[in-house]
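You will see chain A twice below: alongside chain B first, and alongside chain C after that.
Now for the complex of A and B:
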């Protein structure tokens, strides 16, 4: 996996922006799913798109714990073998 | 038994994605049939011998629906939700009927065809993971279920699948539910989005699709043209419509069903005639009244696919039912404008029939070069006719030998 930390972050934000049809600039790591109006169907769709983009499989028990954009980014880092960014969960 | 009237209309079609645009195209003879867009992942050449379909242009579900709903739904369900919203808003349905006394009955033949095809194609070309919403995207009842959620409807919700008669069956069964008092109102119609590479190739293989454009009842007709879309009608009891001073577009007076029990693709005259008779019988209280109603039929929106077999069989059925008067009843096939959208087409044609009654105009059949003299029908060509028929029929004759006919009349206070 060659993604840098920033690339992972940006790709996750782009996936969420595309799924929600909103500007990437309006999304930060601290953005909660609630604040972005991400409902249960959005969450399923975004999780799948993230899995496809990074060729990973999000464990079933991790899906329920995703509450913020930072959670997604840190989860991806973990699955692709990169250290989590402590700032990502702010 | 209640009288049943139409108080709301909605549509997403190749000739308009609002009822006003649809009406304008219908009576101006503006066709929605055009070269279909390329399939990016299909081989070149794509092997399809025809080039035109009646497809909905510039459709953007994101302009209407929440992102989660878009992610969880196929184009067919998206058509349905949007058309149902239009109809419900126009009728102010949910402000005047209890949610558990409203039914949703939709016709849909092929389900989430594009979702199924695109996901399955991945499986055959690589060991792909499938989208976790694939199941709910592809189920045929998705349009009805999403509409139930969207509008908060908690009464009977179901989807009818009878191929090309699905939309007509859906409206007919909803009519029966409202008439009997099971519900006080219904959201009824059909939706279909079948224009995928695989679907077009499958139809091409049957050799029933015109290489040019469907020309129903034309002597040189050479097949049908496929389409997509949705049309939804709001049905409610006459009492409730009058009590709230709703706009009434037309009255549905009868519904007939039959099966040919003959052949999976070839239509049969007796089956089609039987469904027409059944609709007139359903609208009457005695055999004498059924005969009287038969003599009042002044417009038939025919199934009229533009195939040799359908049009000649349907013409023979009309002659069998109406006898010497058959050749004087104005007949049209609006498929010549919007194409044959399988499970939606009966509903789109019912919408056209309702508009014909409400606006006192009978739409023309497009594309006809010379009316087939062997059919001996009064086919409307050129301009629409300014006529208000006492009774109009909307025919659907499906593959599988399944027939459904609606009988409607203008509403006068």
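Now for the complex of A and C:
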């Protein structure tokens, strides 16, 4: 796996920004899905995009625990085998 | 006046969530643009098991509103009788001791209503007053307790019975692959619950039953939120209306709603020891938790009910209430709020003292 931590963060943010048609600069790791107006369907569509981008498979029941962008980034890190960043959810 | 007992009843066909999802995916093969969306929505409903009125392979043969509603009437009477019998047995009374019945459902219709059909099966007095309620949806469990308490407030030597039967699986629509219907088919389930509410001068209220006293109730209508939840009723039956705005409506209104109610009763949130809330779904429960800044696990019984039996619409909050009465009754003198929300959008709050 060649993604660095920063690359993972940036790619996740880009996916979310594109999905919601908002500027990536307005999204941080602390951004909550609620604050970005991400509903259940958005979350699922984002999960498909993330799976494709990182060639990973997100368990179907994992989405309920994802509340922030940082949660997504940490989840991706886990699935690609990189240690989670403790700052990612702050 | 007090809540003297609660009885619940569930149909015998119990399935893990994944099995129901699989059956629906098969039933809707070729209709789903992206079948993975169904899997993912159902897996995140907070539901692990559901009881259904029919085995899964029977549902495809129930076509059209007539067939499903006929099935609803038969099953509602049977399940309703079971719930009523359990509630009466727990209270130590019979149907002959009931003066008024409030029947709530939003998943089928009948005339004579289900409560009337039960009067022919159980020894209710022929003078029993009947109030069938259709259309309140999920809020009807709390609203039913509130209306039953209004009744025994007027007739304090009498007992009232609330019965809710919701057979949500009979509203599944084959021609609707909207996100609302995908969520609805993953969240809602079948069940019945009955509650005995006894007047303050009744023999039952004076007994040693452990149920809480009903101190006050509050109905609150959230204006201009008709679009949030309900049914579109067509030739094929009930088609779900479920907006992603539901959690926002809760967040926007619930805190002020609860604080106002408590304040009018000389209390604040810090006086409340337990929260008996309708198991609406993960988003609704989270919105309630966040709105009231509840401590972790404050709504654990509601989450547990959601996980074990799904959202039973009006019957859900009554199932949570049963759990409290049987497994975790409040310490004498402590306060609880029982709450539910539903189509309108609106809320019903009931202040209880153990």
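Everything that follows uses one rule, which is that the second predicted complex is superposed on the first by the 90 of 90 C-alpha atoms of A that agree within 3 Å, B and C clash if a C-alpha of one lies under 4 Å from a C-alpha of the other, contacts with A are read in each partner's own complex, and residues count from 1 in each chain.
Please note the rule applied: contacts are C-beta pairs under 8 Å (C-beta built on N, C-alpha and C of every residue); 3 or more make two chains touch, one makes a residue touch a chain.
Source: prediction; values computed, not measured.
Chemist: In the superposed arrangement, does A:41 touch chain B (first), chain C (second), both or neither?
Modeler: A:41 sits against chain B and chain C alike.
Chemist: On the A-aligned overlay, A:52 touches which partner chain: chain B = first, chain C = second, or both, or neither?
Modeler: In the superposition, A:52 contacts chain B only.
Chemist: For A:71, is the partner it touches chain B (first), chain C (second), both, or none of the two (neither)?
Modeler: neither
Chemist: A:61 contacts which: chain B (first), chain C (second), both, neither?
Modeler: A:61: touches chain C, not chain B.
Chemist: So in the superposed three-chain picture, is A:19 touching just chain B, just chain C, both, or none of them (first/second/both/neither)?
Modeler: Once the two structures are laid over each other on A, A:19 reaches chain B alone.
Chemist: Across the two complexes, find the residues of chain A that touch chain B and also touch chain C.
Modeler: Touching chain B in the first complex and chain C in the second, residues 39-41, 44, 47-48 of chain A appear in both lists.
Chemist: Quick check on the complex: what are the chain B residues that touch chain A?
Modeler: 62, 66-69, 71-72, 129, 131-133
Chemist: So in the complex, the part of chain C that touches chain A is made up of which residues?
Modeler: Residue list for chain C touching chain A: 34, 36-37, 39-44, 46, 179, 183, 244, 247, 282-283.
Chemist: Would you mind writing out the residues of chain A in touch with chain C in their complex?
Modeler: 34, 39-41, 44, 47-48, 59-61, 63-64
Chemist: Name, in rising order, each residue of chain A that touches chain B in their complex.
Modeler: So the residues of chain A touching chain B come out as 19-21, 38-42, 44-45, 47-48, 51-52, 57.
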